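Here come two complexes built around chain A, the first alongside chain B, the second alongside chain C.
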Partner chain A sequence: MSQKAKDFFEQYKAGKISRRDLMLGAGKLGISAATANFMLNAASTQALAADFDWKKFKGAKLHLLLNKHPYADAMIADLDNFKALTGMEATYDIFPEDVYFDKVTAALSSKSSQYDAFMTGAYMTWTYGPAGWVDDLGAYIKDPAKTNPKYAWDDVLPGLRASTAWNGVPGGALGSADAKQWCIPWAYELNSIAYNRKMYDKAGVQPPMNMPDLVEKAAKLTKDLGGPYGIGVRGSRSWATIHPGFLSGYANYGQKDLTVGADGKLKAAMNTAGSKAYHKLFIEMVQNSGPKNWSTYTWYQVGTDLGAGASATIYDADVLGYFMDGGDNKEKGNLGFHAFAPNPEAKAPTPNIWIWSLAMNSFGTQKDAAWYFMQWASSTEHDLFGATKTDFVNPVRASVANDEAFKTRLNKSYAGYVDQLAASSPGAKIYFTPQPLFFDVTTLWAETLQKMVAKEVPVDEGLDQLAATIDKQLKDAGLG
Partner chain B sequence: MEHTSRLERIIRIVLVALILIFFLFPIFWIFLMSFQTNEDILRIPPSPFFTPTISNYQALITGKLVSAAGTLDIPFMRNLWNSVLLSSVSVVIALILGVPAAYAFARFKFRLGEDIAFTLLSFRFAPPLLVLLPLSLYFQEIGLTDTYAGLIWVYQLIALPLILWIVRGYFEDISPDIEYAYRIGGHSWWRTFTRIAVPLAGPGIAAAGLLAFIFCWNNFVFALILASADKQPVTVGSLAFVTASGIQYGQIAAAIVLSVTPTLAIALYAQRYLVEGLSLGAVKG
Partner chain C sequence: MTAETIQAPRRRRKTKLLPYLLSLPALLVCVGILIPFVTAVYYSMLRFRLNLPAMKGFIWFDNYINFLSDSEFWNTVRVSLLYTGLTVGVELVFGLAIAMLLQKQTRFNNLASILLLLPLMTAPALAALMWKLMTNPNFGVLSYLVQLAGVSDFKWASAPSTALFTVVLVDVWVYTPFIMILLLAGLRSLPRQPFEAAALDGVPRRFVFFRITLPMLAPYMITATLFRLLDSIQQFDIIYSMTQGGPGNTLLVFQVRSYLEFYQYTNVAKSAALLVILWAITYALSNIFIKQWLKLRERARGSA
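Right, the complex of A and B next:
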């Protein structure tokens, strides 16, 4: 490479030119895209190393536990940069998602030191944190001796920082002043509308504006398309049925799963008038326009149907639509994305979120070195690499979500995704009440939803029964 | 001579055909799926007509899976090898330990004999998850976590009781007089066991070994909890095709075909032993 080209990358490193100008300039100098990307990563890595002793744990060998996911693949694709930056070795075990959390729970509950850090979801840390299985990362973030001054923790979206921090008190607000940072947001998915543009055009329908509109349009699509059904949502007897579109809409109507009394006791709140009205809307939508065997539907079926052209719309994770808009899916390139505020009176969307995060094993024997890995993996540099070169979407950092290269890349292939993300992310956070019976409560909720959709029990009665059952469970556990 | 009418024969053929279709159609459909792309498989309505592709087998054998998220590494062949290694070594060890033990339980009456035999059988009663967490603690202390040796040891919980109880029944069915006659000729107990008892019990031992192999092959949870990703069997490895970015139905079908092949080949080879061995061991004459 010529001296001129090297100087060009040095200028970028010194912050004198932008990333966009760098890539344009590299092209003019005849540097191939692959070489430019390599140089860019190398320059970013050197920039990262400027004011911090990344080599402090040189020679350490970390072992990670990862879920088989595009986010993990993005990290592995960039892992050589971490090794070059720190002089550490990082090996990993990857397990399929279906069994991943069984593996994590077994490793942590047996106090194994085999893994130094691992992928987790925020909901899981409501169990892991109070049990003493994961470390509070707030202490690391605040320690200038352990954290790179350029780490820019505040750049991580506030809803995500808060959603991954809890004080361990049942019903305690996420992100409160006394909360512990049980994990670091890595990449996340928010729940919104993804739709098949061709089908919508064929039926002469515009993307839905709110829940009543969605119920109506989903029914029209089911009737007019002559095959595909109108709306795909999850329906299996699992917490995962409640957390995506269903809870996002529920929160947008101002409804809560539990209320916290002045005495700190929890009480089920699914049987309020507002909640019952929302449930009726949602159930009507599934009955009229949902998949035939809705009660078996998980992430996989909802996504597969959208990608295969069996459904016209999904109200689920935006990245699920993103994945179905690519690959070898039949409807690749035909999907559109749309920010969605279900309540006609709401000003903005309130999507509930799933955050793939990184947590530190409390039984690990090289925690400071593990923290070096975690801060590198959640750094702006890696986030930007993942978001622009791989499927590390949605980025957790505001600077990356606003990066022109990221937006340009997505705008080219994913119609409306960037606008959807910009409109939805300010209100994106976890809308559940954190408490140890989270999985029990949400599974019961999904079970009741199934019964109401199957017309085994009227909505009003079903929700009253659900609230009474949950109240009893909370009381038995000393929480209610 | 038994006489069957033409009508009876037709009815029999039709019934046999229906039963075969009922049992074999899913396997046939999976076989067809293994030569299709995801798009072909997810066509609405499904069709048996398609342009065959070997890309699914290619992905499994090369370990490179192309999905919506790009090219992913899939260590399926390693998983398959792990299954072969864990199952076959576990069964061989269980046979070495279990066959003499089964002979002893069948031929000799000794103090606490039945209790010991029942205790060994009770290994099969324990829910694996109940056993695994304490076991993983012990394994960490004695350094057996994430080792093939540790897994093979745990697999004895599956293989040993099965072999012991099936082969014991078979030894009990063989008349001891043959062995007494051989002993009278001046031969030792060990020689009688190896030259007379084991050959006579051959079909039963083969059947028990085969069953134990199938049970070990199908095990899911032991390796998942006790070992790292590079030692996982095919039962865990197959789940890698269910990813956040979509389900790779074609590769799942190809993985099923490949993972069924070893057990199917052994079962076909040992079919006559299996039927004969099980029926003789199970029915008192």
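Right, the complex of A and C next:
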């Protein structure tokens, strides 16, 4: 690279020119986009090193446990910069999502020190935290000796910071003053509508306004399109069926999974009149317009059907639609994104969120070094690199979400995605009650949903039975 | 004192130690099996969830007693036994029929018996995923064939009414060759004289099958059934890969339930209690079969 080009990147590092000017100038100097991106991030990395001793743990060897995901791919693509910045080595084991959390449970429950840090979701920390498997990261964030002054923790969206912090009290509010920060938000997905614009045009329908409208339009799409089905939602016997579109709509109708009594005891709340009415709508939608083998559907089938043109709509993670609108999917470029408030009386969407986060293994032997990795991986620089150059979407930092380059890139390739994100994100948070029996409750809920969709049990009776079973389990565990 | 008189006690000591040394590997294996078993029995008597460490405590047999009044547990017992009975029964009938067809040693039969073994070489989890694709209502080849046959809206593993049929079908596809190859080996090793005598006397084929072939093949059938029974009642991979125990609780067999109790709910005690009960059922069933097998062997010796 010429001296002129190097000077150009130095100017950016010194803050004399903007990122946009830098990329334009690099283009004029004949530097390829890939080289420019690498240099840009290397310059960012050097800027990151300015006021903090990143080399403190030079020579340390970290081992990470990762889930096979575009977020992990984004980090791996930038890992050389971490090595250059810190002088540390970072190796990783990567597992497909089907078995990933079983691997995490096996590693942590055996008190293994094999992994220093790992990917997790916030729900999982409701098990890992009380079990003593992960460290409270609040202590690291507040320690100026361990955390880069430019880390800007407050830049992380407040709803995400709160959703990953819990005081360990069953039913305790997320993000309370005494909460422990069990993990660091890395990237997140909220649940909304993604739809096939061509199919909607063909059937002459507009994106749904609310849940009754969605039920009606999904049925019309199924009928009119003559092949693709109207709406894709998850249906497998797993907690993962409950948390995306289903719970987002449930919360929008003002319904709760559990209630917390004055004595702190938990009680199932799935059998209220409002809950039963919402369940009936959702079940009618699946029965009339869902995939034929709905009860085996995970996020993977929901997404691939939309990408392959087998479904017209999904009510699932917004990034699932994002991924299906790109790559080599058949429907690439045909998808639209739509913020969705299912309750006709609600003023705004209330999407439940899934936050891919980073957590620290309590049994690790080099925790300070692991924290260096975690703060680099969740830094503004890496977040911006991932959001603008790879598929590290949605970004957890406000500065990155508002970055013009990020918005321009998304607007150019993914019609309506930025608007959807802006309209949905204010109400986006975790709508579950945090408590240790989260997976018991949600798996039972999914099982009951399957029975009701299969007409094995009427909705009212099924939800009464579900609430009674959950209440018994809570009582047995001393929580109800 | 000569060198020989010094070496004699050493040799005697070595000879005395030899049986212990020879049994050491078996002892180590036994200890290796017993440690996790005893640990599981111990855990099953605790109240023990990893994410509620404060509640950990010894409750003796409460976990087992709670199962008695738990309809979900009895559903698990029912589904596990039904699955075992159906898979082993169908595989035994099919395995025997195929073995009879391939009994004669020809080049074609030998090739066919090798080819028929291929499903057995497929990992059951992979076979389940393969069948999951083949039975997909949108693009699965089996769904297409069923539609051609005039059956519309057949939901395979995704409907409670057909889920058991679907997983049994996969199990039969994978494991029938196992029974077939054992019975084929048995058939080909049977003495030829009784069959030749029956042929000379013009005995009907049905009579030969029920009065000569089956009784002589019984020890092989019991061995094959025992192996499959022990494996089938511990089924996990096919069911978990296809339905995770659903739809609803249709296929919540012991191993799937125990796996979920530990890996998803971190309920170590309940998971261990389920596995101890599964062990007890397996032990009882294998005892019955081994006694039958020994009886048959005694009878065979007596008649010899």
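Going forward, the second predicted complex is superposed on the first by the 466 of 480 C-alpha atoms of A that agree within 3 Å, B and C clash if a C-alpha of one lies under 4 Å from a C-alpha of the other, contacts with A are read in each partner's own complex, and residues count from 1 in each chain.
Methods note: a contact is a pair of C-beta atoms (placed from the backbone, for glycine too) under 8 Å apart; a residue touches a chain by one contact, two chains touch by 3 or more.
As the structure is a computational prediction, the values presented were derived from the model and not from experiment.
Of the two partner chains placed by superposition, only chain C is touched by A:Ser236; chain B is not. Of the two partner chains placed around the shared chain by superposition, chain B and chain C are both touched by A:Ala310. Of the two partner chains, chain B is the only one touched by A:His69; chain C is not. With both structures placed on the common chain, the touch criterion links A:Gly478 to chain C but leaves chain B unconnected. By the document's definition of touching, neither partner reaches A:Trp153: not chain B, not chain C.
In the superposition on chain A, A:Trp126 makes contact with chain C only, not with chain B.
When the two complexes are overlaid on their common chain A, residue A:Ser109 makes contact with chain B and with chain C alike.
Note: residues 102, 106, 109, 310 of chain A belong to the chain B contact set and to the chain C contact set alike, using the contact criterion stated above.
Within the complex formed with chain A, the chain B residues making contact are 37-39, 42-44, 66-70, 72, 132-133, 136-137, 140, 145-146, 224-225, 228-230, 232, 236, 239-240, 242-247. Contact residues on chain A toward chain C in their complex (touch as defined above): 101-102, 105-106, 109, 126-128, 130-132, 236-239, 291-296, 305, 310, 436-437, 439-440, 443, 446-448, 450-451, 454, 456, 477-478. Against chain A, in their complex, chain C makes its touches with residues 49-53, 55, 132, 135-138, 153, 155-160, 242-249, 260, 262-267.
Chain contact summary for the complex, chain A toward chain B: residues 68-70, 73, 92-99, 102-103, 106, 109-112, 114, 227, 299-300, 303-304, 307-310, 319-320, 323-324, 326-330, 390-391.
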